[in-house]
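Accompanying notes for the structure given below.
By letter and in written order, the chains are A, B, C and D; residue numbering begins at 1 in each of them.
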Amino acid sequence: MSESWHRGAAAVATLTFDVDAETPILARSRGYARHAGTMSHQAYGPDVGLPRILDLLDELDIPATFFVPGWVAEHRPGLARSIVERGHEVAHHSYSHRPPTSMTPEDERADFERALAVFADQDIEVAGHRAALWEASWQTAELVAEYGLRYDSSLMGDDRPYRVATASGDIAELPVHWSLDDWEQYAFLPAPDIGSVIESPEKALELWRAELDGMRHYRCLFNLCMHPFLSGRPGRAMALRRLLEYALECGDVRFARCRDVADAALADPGLPTRRPQAPVVDPDVYPV
Amino acid sequence: MSESWHRGAAAVATLTFDVDAETPILARSRGYARHAGTMSHQAYGPDVGLPRILDLLDELDIPATFFVPGWVAEHRPGLARSIVERGHEVAHHSYSHRPPTSMTPEDERADFERALAVFADQDIEVAGHRAALWEASWQTAELVAEYGLRYDSSLMGDDRPYRVATASGDIAELPVHWSLDDWEQYAFLPAPDIGSVIESPEKALELWRAELDGMRHYRCLFNLCMHPFLSGRPGRAMALRRLLEYALECGDVRFARCRDVADAALADPGLPTRRPQAPVVDPDVYPV
Amino acid sequence: MSESWHRGAAAVATLTFDVDAETPILARSRGYARHAGTMSHQAYGPDVGLPRILDLLDELDIPATFFVPGWVAEHRPGLARSIVERGHEVAHHSYSHRPPTSMTPEDERADFERALAVFADQDIEVAGHRAALWEASWQTAELVAEYGLRYDSSLMGDDRPYRVATASGDIAELPVHWSLDDWEQYAFLPAPDIGSVIESPEKALELWRAELDGMRHYRCLFNLCMHPFLSGRPGRAMALRRLLEYALECGDVRFARCRDVADAALADPGLPTRRPQAPVVDPDVYPV
Amino acid sequence: MSESWHRGAAAVATLTFDVDAETPILARSRGYARHAGTMSHQAYGPDVGLPRILDLLDELDIPATFFVPGWVAEHRPGLARSIVERGHEVAHHSYSHRPPTSMTPEDERADFERALAVFADQDIEVAGHRAALWEASWQTAELVAEYGLRYDSSLMGDDRPYRVATASGDIAELPVHWSLDDWEQYAFLPAPDIGSVIESPEKALELWRAELDGMRHYRCLFNLCMHPFLSGRPGRAMALRRLLEYALECGDVRFARCRDVADAALADPGLPTRRPQAPVVDPDVYPV
């Protein structure tokens, strides 16, 4: 058990925050930079939501991982450093938050490198990566390995960590899922259209607690993805606190930063290996 | 009563799983094969969700029916066989998961035959069919009869089995409905857009339990449609278990494979017969 | 009080069923006539949902109003008559279910007349009208008055009956609202897209009960609009029964057919009169 | 404490009503003026919802702020005056309800001025402004200051009041948020499409109460935005009453008009100042 990725816990919880700020909106169209209301909606994340979340994590003494686009780290110079200094992990979340599937391989690589340069400039050591919108390309895992990172957290091929073999070596995958993301529960903007109905924190809590309980039953990785501009709002922060308090009370949930889980996973001799590759598709079968 | 399709039960429950894997996404566009994240989301179904569901059915000793697209059976050679060996039924779910309404009659027939050939190659005897997206054409029931299958499960003309008369003979229809499908409750992807809000397992359970109770009152076929990539997730699998445990506790719900219900229906002298045909539509009344 | 439209009740409840069958789908495109699955989904309404609802109304001894498109009455010759014979009202719901706002004034008139002819042929006396999709034009109320009907039930200008003055005389308006419609709670089809998430009957019941209680407080018309293809499903029919049982238990809710409420309203000397007319819009203010 | 914007309360609640009537629909397209049903849906707001809300506020003795588009004040001459006479505040909500982000700077200014002229004509003194759809431009705050208003309530950069510095002087920002708006919970129209599922008042109450409790914890501005055509409906008005009664019972929530909170904020020496400006966006990074 001591060599296994879960270290004997019923479930391992990685609390992750994607500090996207303006980037997902600008990735839809740079024209939204003209929208003062929309930009203020996004700026709330780093300006108000993030400090509130950092305080909450302090109070509960839970370590977390913050995925930060390079553009955000660059435009708010002290931000990434302040997260590290509070004992948390900062990880690579692209430069621009444009999804890899929307870019050429060359552009994806350039975007990937540009974020690495920002973190190097700021003396932030990053160990892992998460693709924008979780829309990884088949090249993404290889880039992660090639540039010496140890894990990715964008794929959905399992609900436990797995090893991904690439031409540049192995990395750990810490899989995500839409049901463990606050975006689908809380996001709303009229332009660009980024969501539909706004759910109550009570409903989100019910959903995530159900998944946590299921994951405790099946010994999985509860890889929760929150966004400060969404879950940093007062009522939602209170619901997140209740979720974390519940997890702590369970007594069998282990909280860890992604890099620590990744290291444990890569050291686990029983970890399954996957070699994700694109399905070969016959245009006669799928003509569109 | 012993000759009736329900064998005296208040409701008959057919637990069905559509093992679609990548096919519904590729049917939207083969370009999605380039999306590693999206493909991993779909591969979760056969790789993780399906084994979990098979174990759950073992534990509860409930027989089920798995509708498998030919493409999926072909690309994962042992999959269909392993389902049959666990005591369940494998049935025809098209080859490509392209809906019949989007194809010419010739293409629908070719797709239908190609799936039959895959199952014949794998020595899987199929007795029934379900159209992709439940979007049957008026030819679909006839194809089912012509190729010697005994039932279809795609239409919504009733909430009890009925006989469909075709030029190639009669088949049983085991009707479905969107309210008994996990897709509308749980599915989400940003690209392609396959859903909206993600509901909590508690809400889905409430919905399906209400329908089950209603169907016990009205003596109907509770034909539940689950997808391993959706309902195989930990919290949802636990909710499915609770639903099944509830149904078992009711004491008046009979679980059966679709083929067994179809055989009982076809042997029921009181089963109503329908002859579905396209409404004749006047272009002056409906100009669009 | 005895002369007022509500006859002293805290709220008056008009239970209405729009027996649309295939028409709302064909109004989107006649091409959907090729979709066997979709057509079966709509046929369920008159074939299965309607008889179930009629039985439920018998059991509870509640009179209701059924708005039937002329096309439906024509294609299912005994349908309208059988509703009347069970003690309920049949009313005008257009011929084709194409919304007036999508037609020229001449086409709206022709469609209106064609439905009247169908009901005349079937010896069904209709006293009121409801526009398809509730998308009345400014001409609609006038057509209603001109052809001798006594009420319309398509507008949302109040939550109590009101008098509408037209060049052809006065009619009563029995206003509707989206929150008292089962479509927004239950409707789903992938093609055409007619809804989003499918709600549980429990949620719909909560919503309608809240509105009923609010309307009892404010003395309003609880004008509930159900569709047999939606609310005729087993779990939903059971929820509708619970709602009706609750209303009956309240003791201060009066159930009536629309025509009876309309007659009481027109005889109420205190009924407010409205003269709906199109706002004059300056293209400089609203250039689009 | 006595100098702080919150005057010692745990949370300050500004109850705001956007009396939009037909304007948000006409802003989508003036063609909707032809839709009698849709226009009646909007007219319900000023005609039925508004008087009901004013009565409710009287009963609970709570002061509120009503944001009225100039077009609405002009087309319903007594409306704004009657609100003021009941002890509430009327504020600037554009002339046409076209969002600033959809206009040229010149058009935004002209629209802004035209609304001021309407209020001046009606002898209504306005102290604050809210952008249509909350879609402020970067010029909006400056217009507010330039024309001598003291606050804006359109941005989302915080959940407490803040000072916005413009070239024309400082104003207070009373920030809003989509989660405190009834539109996302209740709005529905088929054309134009303005919403998705209709939530029950119970759910909206749960959501807003969670935010209120969160805001009491974090000492925030609970700036609730209601629309009479939505929240004036009977069941929703009852839910709003329950929310307000809850807030009153808390004992630590201070209700105030926006102008009073703005004045307190501008007099608060500890109020943070922001200088919102458009992010500089590199077209190489965001090519779309």
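The working rule: a residue touches a chain if its C-beta (ideal position, glycine included) is under 8 Å from a C-beta of that chain, and two chains touch if they have at least 3 such contacts.
Here's who's who by UniProt: A, B, C, D = Polysaccharide deacetylase.
What you see is a predicted model; the values in this text were computed from it and never measured.
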Can you check whether chain C (Polysaccharide deacetylase) and chain D (Polysaccharide deacetylase) touch via the same residue numbers (shared by over half) or via different ones?
different
Relative to chain D (Polysaccharide deacetylase), which chain's C-alpha centre is the most remote?
B
Would you kindly tell me how far, in whole Å, the mean C-alpha position of chain C (Polysaccharide deacetylase) lies from that of chain A (Polysaccharide deacetylase)?
48
Provide the C-alpha centroid distance between chain A (Polysaccharide deacetylase) and chain D (Polysaccharide deacetylase), rounded to the nearest whole angstrom.
34
Overlap residues in chain D (Polysaccharide deacetylase), where contacts from two or more other chains coincide
196-197, 199, 203
Interface residues, chain D (Polysaccharide deacetylase) side, partner chain A (Polysaccharide deacetylase) - complex
101, 131, 133-138, 140-141, 154-159, 175, 177-179, 184-185, 196-197, 199, 203, 206-207, 210-215, 217-218, 220, 276, 278-281, 283, 285-288
Residues of chain D (Polysaccharide deacetylase) touching chain C (Polysaccharide deacetylase) in the complex
22, 26-30, 33-41, 43-44, 47-48, 52, 71, 75, 95-96, 98, 186, 188-191, 196-203, 233-239
